[in-house]
Amino acid sequence: MPPQKLKVAAAGLGRMGKRHALNFLNKAPRAELVAAFSPDPSELSWAKQNLEPYGVTLYDDYDKMIAQEGLQAVVIGTATSVHAEEAIKAMEKNLHVLCEKPLSTSIEICKSVVTAAKKHSHLKVMCGFSRRFDDSYRDAFEKTQQGLIGRPSILRSQTCDKHDPSGFFVAYAAWSGGVFVDMAVHDIDLTLWFFGDDVIPKSISAHGITAVQPDLKKYNDYDNAVGIVEFHNGKVAYYYCSRMMAAGQEDTTEVIGTEGKLTVNGNPQQNLVNYYHAGGVTREIPATYWGRFEQAFINETNEFTAACLDGTPLPLKLSNAVKAVEIGSFLQEALVSGKQLHFDEIGRRIEKAQL
Amino acid sequence: MPPQKLKVAAAGLGRMGKRHALNFLNKAPRAELVAAFSPDPSELSWAKQNLEPYGVTLYDDYDKMIAQEGLQAVVIGTATSVHAEEAIKAMEKNLHVLCEKPLSTSIEICKSVVTAAKKHSHLKVMCGFSRRFDDSYRDAFEKTQQGLIGRPSILRSQTCDKHDPSGFFVAYAAWSGGVFVDMAVHDIDLTLWFFGDDVIPKSISAHGITAVQPDLKKYNDYDNAVGIVEFHNGKVAYYYCSRMMAAGQEDTTEVIGTEGKLTVNGNPQQNLVNYYHAGGVTREIPATYWGRFEQAFINETNEFTAACLDGTPLPLKLSNAVKAVEIGSFLQEALVSGKQLHFDEIGRRIEKAQL
Amino acid sequence: MPPQKLKVAAAGLGRMGKRHALNFLNKAPRAELVAAFSPDPSELSWAKQNLEPYGVTLYDDYDKMIAQEGLQAVVIGTATSVHAEEAIKAMEKNLHVLCEKPLSTSIEICKSVVTAAKKHSHLKVMCGFSRRFDDSYRDAFEKTQQGLIGRPSILRSQTCDKHDPSGFFVAYAAWSGGVFVDMAVHDIDLTLWFFGDDVIPKSISAHGITAVQPDLKKYNDYDNAVGIVEFHNGKVAYYYCSRMMAAGQEDTTEVIGTEGKLTVNGNPQQNLVNYYHAGGVTREIPATYWGRFEQAFINETNEFTAACLDGTPLPLKLSNAVKAVEIGSFLQEALVSGKQLHFDEIGRRIEKAQL
Amino acid sequence: MPPQKLKVAAAGLGRMGKRHALNFLNKAPRAELVAAFSPDPSELSWAKQNLEPYGVTLYDDYDKMIAQEGLQAVVIGTATSVHAEEAIKAMEKNLHVLCEKPLSTSIEICKSVVTAAKKHSHLKVMCGFSRRFDDSYRDAFEKTQQGLIGRPSILRSQTCDKHDPSGFFVAYAAWSGGVFVDMAVHDIDLTLWFFGDDVIPKSISAHGITAVQPDLKKYNDYDNAVGIVEFHNGKVAYYYCSRMMAAGQEDTTEVIGTEGKLTVNGNPQQNLVNYYHAGGVTREIPATYWGRFEQAFINETNEFTAACLDGTPLPLKLSNAVKAVEIGSFLQEALVSGKQLHFDEIGRRIEKAQL
């Protein structure tokens, strides 16, 4: 008898949802995609062609899908606004959950998912921060753990998307939570990873511009923003988010320690080709985060599957997902208000005058 | 009813055979590994643990395996000496064949496989040259096709392994066909790809040393060798093979055209991490060809599967596999004999005195 | 009759003073070093061996030196505290002035030098910002001028020194003006160059730590600091200064425009050597800013000389030197006070409550 | 009294001659350019403007120039055909000699210069191989000396010029000695440096094409050529020369040892700028060898000067210059004849049949 496969359902078949569904279908030998849900007819029509023939039952109702017999886990790639509700419902049906980030743009709602997960502690509930599954970040983390850079003290990290002139990002800004919640949340999660998830912000500043998408202003958002988070334990992280890159995706991180430095993706590249021509030497770089992190998403799929089947620990804590959104929200507040935020040693907001 | 999957058997479960078996088992959603064969008890014992539980029937007899009902294809990763015989037997059983390179170190035997394949022209028969499936090489090839470098004229390519002090390569040299047949065959295949598979050698030279493995001399082999092949159409390829690299696998290619140049893997790298320390900036590089080409092997597995199921063309001709070994053998002859070889415009050997 | 050479005196023969003296002596074919001054006996003793034999008259009194007949220019490389006074005295003697940065750590004193220079408008008075004379920065600037990156909008720049465990930097902090005045002033000057020297800060934030030199705290200084300057014209610059680098000098700049990006020294390197070894591939990087900018200092020497002899314009305005120190001081204030600073559209400080 | 300066005369004011003259005039603080010669009126006219005003006496007759009183050294940058004669005449006038490479394209004539130099052993006589003065090559050599790569065993080196469609190289081929004598001579000199100048060739092969300059064939020359030299001590060097590069000068060297590898200029670059744009990331590379080696030529000028003044040893032996041309000529013979050359253990030519 072959080893049991994890029976997984996919909720949401949009840009990311589709990718999760296909990863569970094709790239996860220990998983079996058995169901998929979308409220969107065109997404369902795609699924009829691409999932149904492989034994995937389709639903236009999330509740019905999670009631499917034998189901063990659900991967949630729907709109952010329903992530939390769907995650909680899944737990109530005794299903493991892999949820796209963020759990919510509201801290309160994020916390409700964590509370639910604590109640169902036998379930694996993970919010997918793809960089945690990237070989290069992992190698950098191991080197940090080995003490190669001494005490990590400064972290610089950026999430920079290729400029998309279509206006997509303006519409998206209406509900994304803002550039620090939507983009820098990855860099903040890296900070929690490399600095330790017990770090407590001491002060936060942020500044931004709308250089190519002036309409972002109506949603209090920016297309380029820089923020600094100083922590109480003598560490500083600083972030740059941009939606204006000409060449492609530039997600770069530096971890600077007292005895060395590690960079990840300091020189973005599409592949190992260099083209020498009359104008010099050119290499291409990935157009999107998918081009950069495709393999990390596959790792995520397989490691989540293994954790569910084998009862092994997940490589990241659900509470981090809340903390990352929380710090992102503070940065966004600092950005929009033009005020520096301050916190005491147990993380409570204080007014500077009080200091 | 889900789409049909290709039922595949794996012959040979040594270093490469294992990898092929696992790729068909886990990385090829449209294939199903149903059988595996090895004459080696310890390999079979591995298979009992790692393949049998997933529905793979095990054999210690190749002929019995290929007689398994419903089988559609076989991947051959046994010792080189039996590649050809097994490939031909498989065709006679009406099976598609993916065979590890080389078909044989004997040109005559190589040709017998091509002849058999012509007789069974409805079957897909491929000798796996993994670089043909590598994204970077493919990108370079497309750029060449687009005319970005003008007319490709000079090709430099090297296959350089990390130094292995275990003595493995000395034993291996007894039957590998020599460094140009075993290693440079990949670089020669790239030459046929980028220059066109109709190129005809005009003259061939080679020189080598045994710098770290003096015992190779007893098999007329070398641990470092450089060879040049000049073609009749005004193109030159030159190759470097080494088993002495300190840092890891260094398989690098340059294609130099009349208007530009493309390099593939000019700067080998393990991943996207750079480590800054008191001695400078260091990046690691892959220890083995598997570290460099793992994804290419997965692509190969999937594209072979698709070609068998859909009847689409394979991306490389079987006859190239013969031609690459033939040129490799000439280089080896030039290397061992210390003589330059010459050929007329239809590829017949000539003595220089005749010129 | 050979063309006239510029007769130059060197004030200060410490670390930088020595280098300026030697550059005028040996690397500036159109200049002639005729005098040198130091109040320090050991520096004078060095000068007796290294300058006097080449016709350089030595002084232990600055006023006497600048009274030397025929003198045309002075290069000032003394302690920062006397830069301004010496520069003004030199102008009063009708001498051109090349002064090491900064003119002063006090804005008022800086301005007094500018006022003096305006009175002596026939004299060339320059505060040496070496990066303005670096080929790579110049190339990046030209590319920016050509419109290659659209409208420059974000500038990231860092001045990062190799960690010096000797304690030198602690003593130095007593009078350096702090990390943003001493180090980031170069990055701020680059900002004025690439963004235009008419930019007006809108808000400023900064955060820092003392990771390896805790004694810096007694001078209100930091060994790692990050600051952001948002300008009124929709541009943002952010800076990182560190005295903790393990590998060497890492002065890196990115200029990000609406249509492209330019990096300068994104991959620091000592030279063109890469060393492949069992641990990977390593390159060294310069240990000091001198290793990085030696040629820029030579260019500075020669261009200052040419401007004096030929009456051609200097490549940077003296007023920038004041503005750079001013912004540096604001960053330092923001760093030390933990407050965000705000400015109105004509650059006057405002309290946030007023907004 | 200031230290004495070396009084130098420059012979030849063409492309290279001009540069040598200006280096001695402006970049060599311990030298004084006192005379210059050219048979060419337009070169003399240039010298009237650029050298004469600085105290340089001009000549249209070499013999008269070297008779100038007080002269101590001559730098020879005339046509190759007169290098040797001028060098010998200079020695007879008791002058130190820095001669552009090669001494001659004839081995016999080269040797006559060495013989003359032996007779005047108190004189410094150097044939300028600029790479010996390049910081990167020197660093690589020191690392080799320190044993970082074990025993150097394979050397790959290339001299590749940017394609010049003007036809200059065709005319130049009439007297250059061919691509291996003109270009690879630098790479051969590097070989003598890194392998030791006592290496003796065992066998030599070469192949070439005329891809962009078919007219080169009338001078038996090639625009792309690859050659291999196998030495008797178990080392192999291989060379690539090209006049077809699209991007600029690509002079790259790898020294591969039994325990490591050093690369010099594996990634050619104009400066430290990278340009990110919609097509990727681009860096420029130097258009000419001068762009790559300008500083090496300055070092050469100053070290030759110091050796003459201080009686210190030159960093390279004159006999190497002969040996490099000799090996270059063998490569050229192998290239043109289509024959592999063989040598016995004391370097005498042998026919393969004899082996």
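Chains here go by letter, A, B, C and D, matching the order in which they are written, and residues are numbered from 1 within each.
Everything that follows uses one rule, which is that a contact is a pair of C-beta atoms (placed from the backbone, for glycine too) under 8 Å apart; a residue touches a chain by one contact, two chains touch by 3 or more.
These figures come from a predicted structure and were not determined experimentally.
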Any chain that touches chain D and chain C: A, B
Chain of greatest Cα-centre distance to chain B: C
Chain A and chain B, separation of their C-alpha mean positions in angstrom: 39
Centre-to-centre distance between chain D and chain A (centres being mean Cα positions), rounded to whole Å: 57
In chain D, residues with contacts to at least two other chains: 149, 245-247, 259-261, 266-267, 270, 276-278, 284
Sites on chain A touched by chain C in the complex: 149, 151, 153-154, 156, 203, 205-212, 224, 226, 228, 230, 234-236, 238, 240, 242, 244-247, 256-261, 266-267, 338-340, 342, 352, 355
Complex contact set, residues of chain D against chain C: 1-3, 25-27, 29, 53-55, 135-136, 139-140, 143, 148-149, 259-267, 270-278, 284
Touching residues (chain side chain A, partner chain D) in the complex: 245-248, 250, 267-270, 276-285
